[in-house]
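In what follows, chain A forms one complex with chain B and a second complex with chain C.
And now, the complex of A and B:
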């Protein structure tokens, strides 16, 4: 019985590692622009679907490259053609535009690839067993890739000038600008990072399960929950938040009907807003 | 003629729905991205009660009250933070409610939906009841319209607009911003519940797929296209959108392309929202500002 729960926790960590990728991207944008991008989920889905398209004529490892490149372009395009000109106006126009954009992009996916489930078509392999816990190769890949990208982010934020400017901008945008930090460069790099992480996470989810047009929306809500858990604008909080959401929803399966797996994170969002609106870890002053 | 009446009834239902969203989005500046949840609660509660044998008028009232109560319950936690989080919380709430409709088979029959919902006041179901139902929904829509006009002109409505423009000013004027917001979300949800009940008893069949993000986007578009924060805006928006939707059916679209119509329609709605925000954020009827 204990094994059963341990297995659920392991599955949760794997899922959570990917949610952390989404949440980190979302919170980076929030940190710099103070704006919740409702179209972030569509970057996740487009990353996965573009990989599907390129893997039609390229080996999978190579197909990932142009797919991620296009996802990043999509992220930069959102900023350049839509959000930038709306930033001076009331926030409501910005948020309505972002939810409209997400609807546009999601329906474009449905138009091109249809509404049905599709997959990358990998053969299912038997999982490996460690001390009674079963882990598949895909799951190992997911954790490894998430760790790789998060380590990359850690290095970038802590050991480069760009990372320093990112942190400064997240802390206080006006002050950072006064100090001569190039906000255009900061904005661009934040969008590149956010879209890259979303795309990678989308591909990993696609390898693990399926691709469907609503995958963006579902994972976006989980990323929201993770961001709220960690405290908005807080990168490492979002990472921990992602892991917690992954574990919580997998353990939830043991207690509720599996149909409610997705609802666990939604319920967490509402509970958190009720009891700990500053985030569970309260690391507000920490590394942003 | 019957078809026209049908479109008019649907447009009137959406008018009520859009008017309720306008109270929150237009007058108070609250980004509610899950308004369909309250529409759904109203529809399901009213349908379930009337199927259990209660009089339809009673069920519809109960559905409204349940939707309003759900709105108030959600608003209390969700409005404790800045407006952005309200959007997140409502979006999440709408998904939760949809999962509830889908999974609680003992109550809602899950994806099968609820067939055979009776119409109110003995109006026969089917085509013969159309003129009477049109009359009923026109009366309801007119009542809701007058009610929202009254709210907009009242001191309460003016306080809401101050909250939208600047919360600190409202606070400095001695208004309890939090309480004002919770009240308007409760009222908005109540009316959305009425719209849902009106829809359910008209169509006589509801299922979880009637209450998805698509409906939220549709009603958001009605309000934004017509003109946020105006009295006639949501009405104009709802009629335009519903008539446009029905008009598409008459386009000579080859059967093979039938599959792509819905996604293209969705893309158009999304693109119109983005375009309006970029070029015409005030919508067709601009709000009168002093």
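And now, the complex of A and C:
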């Protein structure tokens, strides 16, 4: 019985690690630009589908490279051609534009690859067993990749000039600009990071299960919950938030029908908005 | 002023043309998914209906008048099925309609048909709920009521007394799960745990763990193709070793393609009919003649039977009013042997069925032989 709960926690950590990747990207954008990018989910899906396309003629490991590159271009393109020209308008305009963009990108996926499920076509293998806990290679890869990318982010934010300007910009954009921080550079790097993390997460989910056009949307909702949990704009809060959501929804299954698993994230969102709108890890705003 | 006259004259002309066509042809309507996610199936339904229609008309039509099917697309959604049926009933005023595929779409239109006293016939909708649609609603496809029974019998016949039951959380899954449970309990079986799972998720590990927790020999999983494939795959990875028992909706080569190795050995039920009857041989021959090189589509035989049966009813009906057609349909259905077997309607407009068993062996779907 203890095994059962332990396994649920392990699965929760794996799911949470990927949610964290999405949430960190979402919150980075929020921290600097103060808006929630609804089209973030589409970067997840496009990352996976582009990998599928390139893996048609490249070995999988190599296919990831151009796919992530194009995903990053897509992220930068969102900013360059849509959000930037709307930045002076109200936030609602940006929000609606991002919702519209997410529809457009999602349906473009449908148009090109169809709505049917597709997979990378890896062979199914038995998981490995550690003291009664079963973990698949893909799950190990998911956690390892998440750790790698988040460690990279940690180094970047804390030990480089770019990271410091990023944090400064998130803290107070105007002041940062007055101090001579190049906001264009900051903006660009935020979009690169956000798109990269989304693309990596999308590919990991694709390896683990299947690819479908709505995969981005489903995971975006989890990322929202994680961002709120951590306090919008708070990178490490989003990371912890992602892990919490992953573990909470997996453990929840032990107590009620798995059909309601997704309800856990929504219930958390509602409770947080009602009782602690600044997030569990307090302190609104700013990349910390 | 002249414009207005022109308009009126035009409308009159239109009506007279419509009137003329109604007198020369006997038209029935069909709500068919020609676009949207079911469009891949819709084409096959339409071709099968046209095959039967051609035969009916070659044999003299409906008492000398040619029969015609008016197709209305429903974009594979319930919302557009409703618009389609309203158009067919109010604009075209047709007394007989062929209903849309997918139970949720069919259930959306059946109250409208019943209210307007229009005969509605389904060729591929399985939900048990459809039985209660009303006395103007028929189907030539067996209800899940029977499949639930079939799955329970299969489970018992394989010697499993204790199972975990899981079903997909929609009209079809919940209904089928309920029927299975009733029949399995009646046969002395025990359901140790029961839960629904959501449509369209990518992570079913918690569901799989919940099945694993009970360490039973068999799990009944009434689900669709992609949900089934994901679950089988994740169960395999988790080292869950159970005999999976499944329904007809997951019987597809796509399931095997997605689930690979992990689909090996699953056993399921599906409504079947003999392929040795003269009716089936005739159908197969004419199909191959009309559509050379094309495989017989899923539910094609049911669509073919539906058109032939309707034509027969139209021929003997006292008039082309929906009430007369309805009575005629019940009459001609009695003992009618179509490609898909006996089409005698019961009091709810449902037909009986024989259930077969399928399994996956060596990466292919085949009939299960113990």
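The rule is simple: the second predicted complex is superposed on the first by the 283 of 288 C-alpha atoms of A that agree within 3 Å, B and C clash if a C-alpha of one lies under 4 Å from a C-alpha of the other, contacts with A are read in each partner's own complex, and residues count from 1 in each chain.
The rule we apply is simple: a residue touches a chain if its C-beta (ideal position, glycine included) is under 8 Å from a C-beta of that chain, and two chains touch if they have at least 3 such contacts.
Predicted model only: the values in this text are computed from it and were never measured.
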{"item": "First, second, both or neither for A:168, with chain B first and chain C second", "value": "neither"}
{"item": "First (chain B), second (chain C), both or neither touched by A:8", "value": "second"}
{"item": "Touching partner for A:267 - first (chain B), second (chain C), both, neither", "value": "first"}
{"item": "Chain B or chain C, by number of chain A residues touched", "value": "B"}
{"item": "Partner chain in contact with A:208 - chain B first, chain C second, else both or neither", "value": "second"}
{"item": "Which superposed partner A:119 touches (first chain B, second chain C, both, neither)", "value": "second"}
{"item": "Which superposed partner A:257 touches (first chain B, second chain C, both, neither)", "value": "both"}
{"item": "First (chain B), second (chain C), both or neither touched by A:92", "value": "first"}
{"item": "Chain C-contacting residues of chain A that also contact chain B", "value": "115, 257, 259, 262"}
{"item": "Complex contact set, residues of chain A against chain B", "value": "35-36, 38, 82, 85-86, 89-97, 99-108, 110-111, 114-115, 217, 221, 224-225, 228, 257, 259-260, 262-263, 265-267, 269-271, 273-274, 277"}
{"item": "Complex contacts: residues of chain C adjacent to chain A", "value": "37, 169, 195-198, 200-207, 209-210, 212-213, 226, 229-230, 233-234, 236-239, 254, 258-262"}
{"item": "Contact footprint of chain C on chain A as seen in their complex", "value": "1, 4, 7-8, 11, 15, 115, 117, 119, 123-127, 129, 134, 136, 205, 208-210, 212, 214-215, 218, 249-250, 253-254, 257-259, 261-262"}
{"item": "Chain A-touching residues of chain B, taken from the complex the two chains share", "value": "25, 29, 31, 33, 74, 76-78, 80-81, 83-85, 87-89, 91-93, 95-96, 99-100, 102-103, 213, 217, 220, 224, 228, 259-260, 262-267, 269-274, 277-278, 281"}
